[in-house]
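Paired with chain B in one complex and with chain C in the other, chain A is shared by the two complexes that follow.
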Partner chain A sequence: MSSNFLKVYSHYFKNYYRSRSFYIILIITILASLITSYLTFKYSGRIGNLLPTRLSVLSKVNEESLILYLWAYIMSSLPVFSSVFFSSPAISSEMENRTAFYIFTQPVDRIVLVLGKYMAAVTASIVSILVYIFAELVSAIAVFGFVETDPFLLSLFMLILFIFAISAFSFLFSSLFDKNMYAYISTFVTYFIIFYSVNIALSLVYSYNAFFLLNNASTIIERVYININPTLFVSNFSLNPAGIHEVFLSSTVFIIYTIASLLLTFLVVERKEVK
Partner chain B sequence: MNISIKSVDKYYGSFMALQGINLEFSEPGVITILGPNGAGKTTLLKVITSLSRPRKGMVEIDGMNVYDDRKKILMKLGTLVEQPEFYTYIKGREILSFSGSLKGLSGMALKDEISRVSDITGSGKFLDKKVGKYSRGMKQRLGIAAALIGDPEILVLDEPTFGIDPIGALEIRDLIQQLNAKKDKIIIFTTHVIEEAVKLSDRIIILNNGRVEYDASNKNDYVKLRVTGPIKEYPDGYRYVKISESEHIFEVRETEIPEFNRLITSKGDVRFIEKSSEVEETIRSISIKNDKNF
Partner chain C sequence: MKKNLKIIITLVIAVAIVVPVGILAYTSYANSQNDPLNFVPSSSTFLVKVNYNGSTYYSFGWSKGFAIMLQMNSGVAVSGNNLSFNSTKIPVSLYGNYGGFTLYNISLSGIIYGALTNISKNSNVTDIPAEYFGNLSEYYSLYFYEPYSNEIAIGTLNEIKLSITSYNHGSNFLAKARYINNPGSLDFYFRANNSTTIWGNYSSNYTYLFINGNHTFISRIYNESADFSLIGYKMKMINSTTIEIIMPLKVYSRVR
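Let's look at the complex of A and B:
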């Protein structure tokens, strides 16, 4: 099984990194890196003065954390785009482009096919975001002379867990449809409209933090610097990094989404008919 | 080698694609599934290759259910179902290498096998291009090469000459004959071209409206569809031969088999009939109808 997994993985990864989607994501990442680097260099040492009065409390945070929070905040949305490009059409495109007639008649278990393609999509997402991480590191070292290793590595670790979770979640939608457009729209609508609406409604009406929603959990990527959740309308926030229990909670959410989505995807694909 | 199709029914929604199919393939040779578009040929191949699940019945290959032992079954099979499509950013050689490696080939053995299948399918000259740049015919050749890799015991080819230029189609027919020469494989292929079926087959199965209409190992022993009833002049002014209460012959065409005509019925079915005086009379009646039409 493991040798077939590697064959499937490398076959799909080749197709991903040579694809137009990969270069589009790379361009988006480079643009985001350039803009954030520009902001970092241009406004370093002056961020406190630029903040509006209602956010003046942030000027009490050390500037390195504030800048890295900004970098991580932008970084946490990149996996959503990459997963939409790589994972949303993962299964549906096999049906729509009729490659399923070839791939599903190869002597390999469908679970291995899904897992191999999933890992290839995750790798492609991580590789495309590496440019941004590199730019973040270079900018932070250039401006501050150092980067505090613990929160930086923790943020990266959370980012990787989030990539696994959002990719698995997108794979699930992809397995349900035979048309890419439906898979794209469902992933986008669920993540950007349903999750955000539920999150905002629960926080506004019940002051409840819907920690179990993927978009909410993904804020841990920036909250390891300053514990402000930008998706919530709640007043209690901390200028300190998120505590270990919050990191643990978000990690658990990511892992549950990953495992549950993949298991459901396996079940759907195993029974999927090629029409 | 044994393929056993037992009481298979397949529906797409309420549309019955296959009904009560019972077939047994155990002798090596070319088995052609012949029939008009929509007869259920491709659906039958999808069921055999586990791409589709029947609502009722089962398919067993060497005693193994194709859904329960999918991987083992696919190891024995080389398939080309529907017009093949591949990942556009992958080169043809990488596709063959992938298929070969999943069949357990590696190193020099894999390289030699790729060279063997690309030689016999004529795909060697474009294997190092990305599939996105392939024409329909090139993809078809690559698909056949991928099906042949690993020299499988059973080959399932769905309209392999479709989309290929006439010379290419002749080459593929020659290839099928060549593969059948040793009589060590079961080659199941579909076509709606009767001449192709006659030339290549050891056994012909005619599917129509999802049912086996005819199954013959003697290729000269085709459907004996008897024309029933006299030629009548109907109120619309045309003369038809009725073949059943609800159907009449719409058109008669010559085929390349001297003894047979091809009939297209008013329901769009295609049937084959031995030439006889009745058929000659039918052809005349159709001519009368056509004269009135034009």
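Let's look at the complex of A and C:
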């Protein structure tokens, strides 16, 4: 079983690595890195001016946190694009291209097949974002001379958990449709329209923090620097980082999405008829 | 059938793991929301909670230092380079960043040095070993940070740093909240040593005192003011916001 898994994993990772999608994501990541690096160098000395008056006088030491918050804020969106590129067509493309008949009839358990492909997609997403993380590290060290390791590593760990969750979520949509386009659109619409509108509605109408939504939980990637949730409406805020309880809650949300989405994907794929 | 059974078993195991973890994570998050106890280290030797005029104050620390948490709406405010207590303004300066929090320095060297000089003139402080106080220079400066937008924590540098670490690492007092979450004007917790913990609750009608350790003692006294003395510990309830705990020096020296 493990040798089958490794074969599937390495085969699909090579496929992802050689695909056009990988280079598109890489270009998007490089562009994001360049723009954020420019902002870092250009505004690093003036970031305090953007803050409320009460805080601006005393906030110089928070510059590094603010800059890294900005980097992490952009970084928390990149996995959505990479997962849509790598994971959304993972199963639907096999149906659309009619390759499922050859693949699903191989003497390999379908769960192993899905799991191998899923891990390959996750690895491809992580590799494509490494460029951005490297640029973040270099820019922060160049401007501030140091990077606080605890929040930086915590942010990276949260990013990896988020990649696992969003990839599993995209796999679920991919298993539901036989056309790539439907899988792409459904993932985007669910994440960027349904999740965001539900989050905003609950926040505005009921002052409720919808912590269980994936987009809300993903903000922990930047909130380990400064606990400002960009998906919520709040009138007062501070420049403090998120506490361990919030990190624990978001991690749990990521893990639940990962397990639940993968289980449902397995169920759908197991029952899928190939023609 | 075999495939269905496999799926059912997988689902049951997944639900059995995911649901309790989810509930635990949410409960932990919900209970910790904006709770000042997030910033009180679980290893604090003492913690006192005072409810006064609709505001809650916390004081915690160890033998060599302390910190106090105040609500901003209780007349305390940070504005520009000043920390205001009602109409009194104290200049503050930026100290640095620790654990993601901005620390500010309140220089009280002049005020405290004068106070200590007066105390030493008017009392026999030479009876107390010098190491009991540690390095007094630690007390010359106080530091503060803002745990929440409406709270401020002021104290000695070490205690302020430990307070932030307890928040970042989750080693805070939330798990021990039962000690001080009683109705009343004053709740206190005092860990004299590894085997003796004293905690209690003071209100206008009654006072509870618990001493847990080698000896257990529970008292309910219907007095507004009361003195306790047990296994060398003396405690005096002075009024609804003040408590005095006196412990044997030999115990203190062992703690050090």
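Definition applied: the second predicted complex is superposed on the first by the 260 of 275 C-alpha atoms of A that agree within 3 Å, B and C clash if a C-alpha of one lies under 4 Å from a C-alpha of the other, contacts with A are read in each partner's own complex, and residues count from 1 in each chain.
To be clear about the criterion, a residue touches a chain if its C-beta (ideal position, glycine included) is under 8 Å from a C-beta of that chain, and two chains touch if they have at least 3 such contacts.
In this text, all values refer to a predicted model and were calculated from it rather than measured experimentally.
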Chain B versus chain C as contact partner of A:Thr190, first or second or both or neither: neither
First, second, both or neither for A:Thr231, with chain B first and chain C second: neither
Contacts of A:Ser44 with chain B and chain C, given as first, second, both or neither: neither
First, second, both or neither for A:Ile244, with chain B first and chain C second: second
Comparison of chain B and chain C by chain A residues contacted: C
First (chain B), second (chain C), both or neither touched by A:Ile256: second
Overlapping contact positions on chain A, where the chain C interface meets the chain B interface: none
Touch list for chain A against partner chain B, complex: 4, 7, 11-12, 14-15, 18-19, 97-102, 104-110, 271, 273-275
List of chain A residues in touch with chain C within their complex: 54, 57-62, 64-65, 148, 150-151, 211, 225-226, 236-241, 243-246, 248-249, 251-253, 255-256, 259-260, 263, 266-267, 270
Parts of chain C lying in touch with chain A, wherever the complex brings them together: 3, 7, 10-11, 14, 17-18, 21-22, 24-26, 28-29, 32, 38, 78-81, 92, 94, 96-97, 99-102, 104, 146-150, 167-170
Interfacial residue positions of chain B with respect to chain A in the complex: 12, 46, 49-53, 70-72, 74-75, 77, 79, 81-90, 94-95, 98-99, 101-103, 130, 143, 146
